[in-house]
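Take a look at the structures below.
Same chain, two partners: chain A is paired with chain B first, then with chain C.
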Partner chain A sequence: MPRGRFREPRGQALVALCLLRHYVAGQAVPDLPTSGSPVVSPGNVLANVGELAATNALEPVGVAPGGRTPSRSWWRETASGVVPVLPALVVLGTFVYGPAVLVVAMSFFHWNLAGFSQSQFAGLSHYRALLNPVSGFVPSLGVTAYYVGVMVPATVVMALLLAMLLRDSTKRVRGLSFFRAVVFLPYVTPSIATAVIWVFIFDPQFGLANAALRLVHLPAVGWLSSTHWALPAVMIDSMWKQVGFSVVLFLAGLSRIPTELMEAARLDGVGPTAIFRRIVLPYLSPVTLAVVMLTTIASMQTFGSIYAMTGGQGGGGGGPIGSTTTTAVYLYKVAFVDFHYGFGATVAVALFVLILGLILVQRRVGERRTFYR
Partner chain B sequence: MTITRRSEPTEGRHRPYTIGDAASDRLPGSSFAAGTRLRAHVGTGVRYILLTVVAAMFLFPIYWAVVVSVDHRSQVFTLPPHLVPSFDLNPIRRALVVLPWAKYFLNTTIITLATIVSVLVTGALAGYSLALREFRGREVLFAVLLAALMVPPEATLIPDYVITARLGLLNTLAGQVAPVAANVYAIFLFRQFFKTLPPSLWEASQLDGVSWYRYLSRVAVPMARPAVVTVTLLTFASQWSAFEWPLIITQGSRARPVEVALSFFQGFDGTHWREISGAALITMLPILIVFSFAHKYIVKSVAGDTGDT
Partner chain C sequence: MARLQIEGAVKSFGSTRAVDRVDLDVADGEFAVLLGPSGCGKTTLLRLVAGLEQLEQGRILLGGRDVSQAAPADRDVAMVFQRYALYPNMTVFENIAFGLRARKIGKSEVAQRVERVAAALEISQLLGRRPGTLSGGQRQRVALARAISREPKLFLMDEPLSSLDTKLRSTMRAELKRLHHRLGATVLYVTHDQVEAMTMGSKVAVLRDGRTVQVGSPSDIYHRPADDFVASFVGSPPMNLLDGTVVRAEPGMVVVGVGSASLTLCGTDWSGTASGMGVRIGVRPEDLRLGPPHDSRHRLLGDCTVEVSEPMGHETVLHVNLGGDSLVVRTSSDGLPEYGEKVPLAIDPARVHLFDVSTGVAVGAATEGSVLSPVGAAR
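Let's turn to the complex of A and B:
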């Protein structure tokens, strides 16, 4: 059976990486919205990122040479081919490739803005400091683990439930696209603008959250000023803001389940629960893996809402006693509040390794758990 | 493979499956009692109710911002809260005069437009070359570009700051555009789109001696309109909301974008709820307007066809 619409097998692996990274950048993952056109549509593969990952497509791919025999004018062809790519290469070289190398180098220095020549060599001392709990890096890992550990399963469950509700199963419910848009809307709203609203909702005295708790005779909590409740409050905001993205992925996944299969199962008298467990869930497993991976990455990089909700302007955010200082927030504080660029670079390297490691582990687990034909 | 060909027309596709909806399980024509149909109607009703509840939950924070910002002060702080506001536009007016919002909006607008243009230009140029030019090392080049996607932005945050400082772009609008002036995803999108254009077009234009950039600007890019629109919308959404990078590199109002300004506004005095909510609403207004017109398109551009509607 043809897999997707990618003509080049090489493309698939790279698209998967591409889409992952795109999400890493905090941007939505786009697609060509051209159903009906013969276009190779990357977004359609998005829901199959998990599948691609599961089928080892994420392995580094060797690249074949162009296939042309060198001629006298090969350099000319090369030049005329490379020139249009140059603007992009210059930007990426300056702000991605160069910095990726630089950050590793910086992590070995007590770096200051005057440059390497003015900076004292630090050797591995920054890396040792990472492991010292006093530096705050290890506690930030704990906060991150808590945050990611709740966000990922909660997102999967919520998004799946919402997708089941928003899917067009009976053709009888009108205005579904409106409801989908509403669920998706928070995803494109600016995180600061919505976070400041959530701050009011979670106000201990006058906020709606506590008003609701009092209404059902539960004790009010301090929310953002409490070490226990600050992070859950952020989670509620993040959930509200980001779940729509995963819902849309699940919807795309649901629409790919062959109807014949469902019909056949139903005619054979298979109950709805069994259909859900035996057909829908297995079919959605690649999408689920994608949702897990993308939510993990997004959660590890959440910055704006945490900053705005838990005291950003007064010292870089991070909540009472660092209770919402995830590693991403910690990185910001180290580098741009305390101006420890060298140690900040070390944290950045660690965060990079951590994200990559988590994704690889999830992929390995996903390989075994993911159903694909 | 689980992926179905998406190029199929949506009309006349399979009848969608159902779960837990007994009536629609049956094929049309089979004789099922009115009771089953009634149950189906009840099911649809329940779904409407659930959908409405969900929609209310998702819209609520934005609605609440409206209430907080336009309601009379005396009512905002009462419990239980008043959900229907009485209109008082003074707080929003006050919010607008305490800070130079026009300047911030101008900054963000310039940054967003400049980013969209540069992402489109760099993307179309590179995409053209990677799709239509044949040269040694093309695939290597493409792989190198895609490798940039492996690097999370956090990893490059500090060196980017250093480089931006060295380029003299701290506290400038250009400093907020430059790091995102090329987007690998846009390159990828254009490349894929250009590859699907009929090769005869390209060949004919070459025979006619049409220069490559004329072909690109007059033929290829206009035909790749869906890619252009997708890149434009997503760049708009991400740049309008940009926060961490501008927070780091801007000072004062010279190059400050709206979201950073809003964050500072909140930091001045967090107790001015109504002014802050009003400002928050105003900063997200452009996004809300664009989304209300283009939401189907945006949702599709994120995950492809979701099957229906």
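Let's turn to the complex of A and C:
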């Protein structure tokens, strides 16, 4: 076999096709493609296409005569599929899936940095402790609910509004792509950097926020030092930072709406509000559902900006007096300020289950109201 | 219903003039067709009438009222779009009712109108379904029903049958025509399909490069094309065009040399011709005949070779070669010559059209009494 066979992009595409072939045909990859079944299914058709392409471009694929024992070419084909995905698999396994499994295991131990052998088994005691009001987990849920409860609807509304302003049909507006870039830019700026800017803006004496309030004759606010205003301040930062991504999703959704529909409605004398409500919104419903789910996940996990904006006294952020201690911040404090790794792992598992549950519910409820063309 | 007048309409997109000083008068209850190849400006003209595009110059009157500046909703026109433009998230009932409700028509009246129109178009059983579950023909009916239910002054139709298959298209053609008779509606209909234009329109406007080339009845367009573009665009297969020269021009008669023969053409007016002028001779495929002439009308043009044969069942279209020129002949399906066979080709000189070779404009059409003779015989 020529060694440099997959240097060509075409070769790599064929590898992907071969893997897909196994996947679509419903075979586990290690299964031997032995006797060719005459069943016609999309999977089989695709498999045939893959086989044909592989046969033409590379070399004979498949099965030894007789079709029972794994032939050399089968091993080659399998290796040709597995080898290219191996680096990604190793990285993901080492840094994502492995640690995730480890965290679940850790949650059942009074974890000691020396490892499992030195750690005392805790059973379900950490999970029981979660529900203990003293632990701080339950209050953190309240803060998280407040944060997510405001962030998700506010992001959807704000992103939709911006997308409507920046949509393709307003092409006549000069500098449309400039404004689009402006909206998207915060999303790709590191959150610590933006948080520092917002800390300046929310400075009680010299900040822009209070200057603006004074301008409209409103009383100044303590912002980050106030238990009432610290979380809203963080929300403003997060919203400003996150909304660009949702705007891009909505813009993509808007571009899918056939202009003929709007024109037909205009000719029928349908007003802009009704067009928006009866045509635009239904068309955007799948995108809206995606935005809701993605914003929910992002909000439940928000840590960087809260940490950077409300850190300082006591360490670990989440102040003042726990008013911005969301579950994600709480998890950090338990694990890395108080060094209760085992309990921290338990909070992490709880947060994961919570997010998963919420997303499943959203999908259930959302899909019934979502209109796919 | 109302009369539609378009006066000097102009519309450009960038440096391209899509519609260039177009005049068109559509009488109350008339079925007018805008016919032309793609990119000729016919859809733009329709959209100007709808108000979906803004006029640059000229004006549009509907029922005597200048609607050039009116919003689409205030023009009282209904449009049927090429791809139906049905609201996919609404049922058929809601699709039809949506526009009616927007016009503040009462709930019971809306329901009545929807049901009446649905019954007329035989889609009553589909009212609860969504457009995604309907066939092309059914969607077309829903789109029509939506337009009809509005009871507008003018119907605009933008190639409404182009997405249907051939069989359904011919059924819908007849149905649209029936509907037009029943409603007595004024219709402006855009198509690039000359069969649709000929069969449906009571008036046809042929457009090219944003201008009207000819406006007239289908028969006018077919039998008296204004120029060689109309001649070759209308008719399937298109008119044959051969280059020739005017040998002699006299009032009421012209002699044209073509190949090895000359045509003596009678007609009322050949004032556009002059001796020595280059002309294009147009003859419809049905005015050519294979085999020796056996009636008084046809005259022998020469021997041709059969190149392609397209049997259609009721007739056959033959592509033949006559001294280097390719010609199309429409003939009955009996006793056909074979590929490569040499056969005599006859022409009906009384059905010949002449076009100025430089401008393409028609300079006259022959009438009864025209003859064909070998070169020199006519002099």
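Here is the rule we go by: the second predicted complex is superposed on the first by the 289 of 373 C-alpha atoms of A that agree within 3 Å, B and C clash if a C-alpha of one lies under 4 Å from a C-alpha of the other, contacts with A are read in each partner's own complex, and residues count from 1 in each chain.
To be clear about the criterion, a residue touches a chain if its C-beta (ideal position, glycine included) is under 8 Å from a C-beta of that chain, and two chains touch if they have at least 3 such contacts.
Keep in mind it's a predicted model, so treat the numbers as computed, not measured.
Asks: Between chain B and chain C, whom does A:A209 touch in the aligned arrangement: first, second, both, or neither?
Replies: neither
Asks: With both complexes overlaid on chain A, does A:L251 touch chain B (first), chain C (second), both or neither?
Replies: In the superposition, A:L251 touches chain B alone.
Asks: Taking the superposition as given, does A:I355 touch the first partner, chain B, the second, chain C, both, or neither?
Replies: In the superposition, A:I355 contacts chain B only.
Asks: Of chain B and chain C, which one contacts the greater number of residues in chain A?
Replies: For chain A, the partner with the higher number of touched residues is B.
Asks: What is the contact status of A:E260 with respect to chain B (first) and chain C (second): first, second, both, or neither?
Replies: Once the two structures are laid over each other on A, A:E260 reaches both partners.
Asks: Once the shared chain is lined up, is A:Y283 touching chain B (first), chain C (second), both, or neither of them?
Replies: Both: A:Y283 reaches chain B and chain C.
Asks: One more residue to check, A:V270. First (chain B), second (chain C), both or neither?
Replies: So A:V270 only meets chain C here.
Asks: Residue overlap on chain A between the chain B contact set and the chain C contact set?
Replies: Overlap of chain B and chain C footprints on chain A: residues 258, 260-261, 263, 266, 283, 373.
Asks: Mind listing the chain A positions that touch chain C in their complex?
Replies: Checking each residue of chain A against chain C gives 258, 260-261, 263-271, 274, 278-279, 282-283, 371, 373.
Asks: Of all residues in chain C, which touch chain A in the complex?
Replies: For chain C paired with chain A, touching residues are 50-52, 71-74, 77-79, 81, 83, 85, 87-90, 98-99, 102-103, 132, 146, 150.
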